[in-house]
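In the two complexes below, chain A is the common chain; its partner is chain B in one and chain C in the other.
This part shows the complex of A and B:
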């Protein structure tokens, strides 16, 4: 009996911690979502049922669907570019002729070491600022008119994409680098008998053998990119510092249409709805990745 | 070995849980004040209180997210502070949440006779005073004396436009401001007789006077930086001598002087159409008492003594001289050092026309919707009337969602 219980007892501290850190906030958010917690009932709120969910559906208007569409494009583009660029960089880092690999790897990890908040504001003010940003200083040096990088939709979207890639690539490069190093060289040597093509090496050896290692990283990145808040909010949506680009993701849209009301019941209902959308999205993606793996 | 690690894990987990349950912020002899101010302000308050009450240990704790933290722990005696220092505009929010004790529970109205009435009105929510004012701040018209002579400072908004047309070129702006920020735009709207919120807490974004003000203001944008015209960019343009004049806060003054700018202060330009000056918002900084702090008669007596001590203008004068703010007490302006201080006196004069920020909870929403409205009009070029109507409707919907 004790032998059977031992694994559970061993993992109990970790399970309690996980419950406190992850499950409790989710459960508590759901509880708040069925109460009337707002500034008029801040500490003495009551359960009111699904009233907040009825009201939350009003947030799912045309603005929300536009934000959802932008979020999908944002997530898709980020994933494709991250995988592609990280694969190229990781492959170059694993080339046998390359020198100072350790130095390059350390340099590539720098964006990860800087707090995201600081990085984003540095990009916003140091690179994209219309008056003082480095990009416009370069343009002026070539007598080209300065560009308002964050004021129009397409330019702002592209600028934010660059910042997000800068922030996210170290993680993907590190995972891919590890996955590449785990591939046995004998597979390449076996393929050499048939062909020496780089594309064939990638298609028949590298990518299939990397897939199991990078799938969890892809899922984590999908999750974080889909619910991205900081890059979009800090770059173009800060109160009093908006730049004119009309871009919202579902999280920033929900924030601007619910959280500022100080109505936590209502805001929590919106959070739960977004949480469900996210879970569905991730489950669907996970299923696709698994079916590809089985194929 | 693994059994030992398991035991240590259990021990750590339960110790941390017990600690979390019992952690206490306050001890009997401590008096905790949260604030979001610069060190010089906190140190002066600490020094003044510690000298007056040597038996009490004052702890002034700087909190970056002061208002958000207070929302969460404001009613928890073990984690909430005894007082906090902040601008008056959150008084309505915290009064509704129910964490503030009225100041008049401790000191009489007569003890506040020396205060400028507008400072007390600003801190009053639903006829109850929740803040003891220390000093106030508002926006000022500042200029670089090396670039603009005192006699050439524009007196009216039409003069300002002409000055901008004649003096703005590829290298330098004649005048800059955060044109798409509601805190700054409010001055223009007030100058046309409009308001962001009326006296009953109703938004006035689609009011004719608001529309008129923003329509008139649009022509100024041709001579100001577009796109990113936020705090850092606009202030840096002035600090770097790429802008001759600016509407900015007193917090800019120390940096401008450090950079060697010969700073001048002028009255706000008068709107030609209405004869009213641009009238920005004023923020009144002061101390608020938390209900949970008043747990014993001795504590109540101590809070009463502290508040009475702070009604003396000495500390307000010291704060004004150190930070360039304006004391809330009328008698402070009899002090020769205050009278000689150009910045403090400019602030006091500007406050004659300034309008205290509304302190109702609805302002949290209005800051967001009014900013979006300004961006839509100023940066995205949307039709002013349509944008005003859209902003008004959205504000009303969000106010409705507060309950």
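This part shows the complex of A and C:
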């Protein structure tokens, strides 16, 4: 009898903590999402049904659609650029004539090893600040008028894209490097492709053989990019230091509605919608979940 | 020199110049912060900025210890990190072990549930947690216990999934041999499984520590009193905006805060890829 209970007794403490801290608040978020809770109705709020969802999904200028659109562009652009740049750099790292590979790899890793929020704040102040940011110092040296990097949508978006690439590339480079190393050189020789058709080699040997090794990492990065909060929040949306660029991703949009404009019900509805999108993502990408019961 | 040798030398020169210039380019923000943190405050205004500071001074670093409560923040962070790590690991190891080794009813549902919850960004339920903490029977706002529970709850899911993934790769036969020799379950786990799972244990622990070290949004939102600030929350409060704050002091604090993580990270570099990708989750 005790033997039968062992697995439950072993996992019970962890499951209790997860239920209290993660699961229950998610359920509570769902409950708040069907109420009209806001700063004026902090204690006396009522269940109002799906009003908040209607506002998010059927009111076109609610802001949610714009945020969702920006999030899609953000995720797509980031993924394409990351895969492309990481592939080029990893290929160069695995060039026949490379020397000091270990040293270069370690140096390329540094952005990954620095706390993300520190990097973002260093970029914001060190590079993009209008007065003493390096970019404007360089412009001034060439007698060009300073630019407000984070104040207009296009420039701010591009700046954030650069910062996110800087943060994310080391992980992707390391994964691609590992995948490239696992490809046996004899494949290239077996195909007897002439030496100068790099594109053919990549298309018929390298990329197909890399695919299984990089797929999990690509999926992980897809999630992190889609859920990215820190870059956008820290660079342009901090309370009291907003730069004026009107860019929200769906996550910052949910945050703003809870902590800045205090529309708790509406914000919770956005959170629930995002959670549903993420569940669909997970179900579509996670092999452990799709496979039939294996116990 | 033959044509082939010439090509090789040329390739090497091209590769070296590419990597040196690319790496220098990527390190500019860090090098700039380093220079500024080591210069006097007037370096900002001089028009002929160079990456080598004109007169090196440690004044900005001294000011962090004398004028800012850096030591207090460090202490708060260390306490939080250790309590989170202890709580998360002591709950995650037995759970990951039974999920990996024993066949029991509900095992797969628990595993599925954890994968789904792992995809949920904690920030989306931050308001719900805040409200529960502030209106519940015991207020957990502005307490270390509250923040530890949030951090451990988030990280225990990651730890279970990552450790289970690694436990799955360890053959059962070794454990069975130990059982035949008369070892009990506790001994099997502590003497056989955990040492074999060292890469995953190291990476999981380090990533939990890094998570606590780097987390700022819960720390800033839940710790309302400055005396409870973590390093991340403190640094957040020090940051230089367009009009306020001191950029040299912020740069010094940013570099000091990053240094321990940087060292640990480079140290476990070789475990990083294997310890993470086997479990299939990233923190």
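Keep in mind that, in the parts below, the second predicted complex is superposed on the first by the 203 of 295 C-alpha atoms of A that agree within 3 Å, B and C clash if a C-alpha of one lies under 4 Å from a C-alpha of the other, contacts with A are read in each partner's own complex, and residues count from 1 in each chain.
The working rule: a contact is a pair of C-beta atoms (placed from the backbone, for glycine too) under 8 Å apart; a residue touches a chain by one contact, two chains touch by 3 or more.
Predicted model only: the values in this text are computed from it and were never measured.
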| item | value |
| --- | --- |
| Partner chain(s) touched by A:13 [first = chain B, second = chain C, both, neither] | both |
| Which superposed partner A:132 touches (first chain B, second chain C, both, neither) | both |
| Partner chain in contact with A:256 - chain B first, chain C second, else both or neither | first |
| Chain B versus chain C as contact partner of A:39, first or second or both or neither | first |
| Superposed model, chain A: greater residue contact from chain B or chain C | C |
| Which of chain B and chain C A:239 touches, first, second, both or neither | first |
| Partner chain in contact with A:106 - chain B first, chain C second, else both or neither | second |
| Which of chain B and chain C A:211 touches, first, second, both or neither | neither |
| A:266 touches, of chain B and chain C: first, second, both or neither? | first |
| Touched partner set for A:22, first chain B, second chain C, both or neither | second |
| Common ground on chain A, meaning residues reached by chain C in one complex and by chain B in the other | 10, 13-14, 17, 125, 129-132, 238, 240-241, 258 |
| Of all residues in chain A, those that touch chain C in their complex | 4, 6-8, 10-11, 13-15, 17-18, 20-26, 28-29, 32, 89, 92, 95-100, 104, 106-119, 121-123, 125-127, 129-132, 134, 137, 140-141, 166, 171, 174-175, 178, 216-217, 220, 223-224, 227, 229-230, 233, 238, 240-241, 251, 254-255, 258-259, 264, 267-268, 271, 274-275, 278-279, 281-282, 286, 288-289, 293-295 |
| Complex contacts: residues of chain B adjacent to chain A | 2, 6, 9-10, 12-13, 71, 75, 93, 96-98, 178, 180-183, 225-228, 230-233, 236-237, 242, 361, 364-365, 367-368, 371-372, 375, 379-380, 398-399, 401-403 |
| Residues of chain A touching chain B in the complex | 9-10, 12-14, 16-17, 38-40, 42-43, 55, 125, 128-132, 148, 150-151, 238-244, 246, 256-258, 260-263, 266 |
| Touch list for chain C against partner chain A, complex | 8, 11-12, 15-16, 18-19, 22-23, 26-30, 32-33, 36, 44, 47, 49, 87, 91-92, 94-95, 97-99, 102-104, 107-108, 110-112, 114-117, 119-129, 131-132, 149-150, 152-154, 156-157, 160, 185, 210, 213-214, 216-217, 221, 232, 235-236, 239-242, 247, 250-251, 254, 257-258, 261-262, 265-266, 269, 272-273, 277, 280-282 |
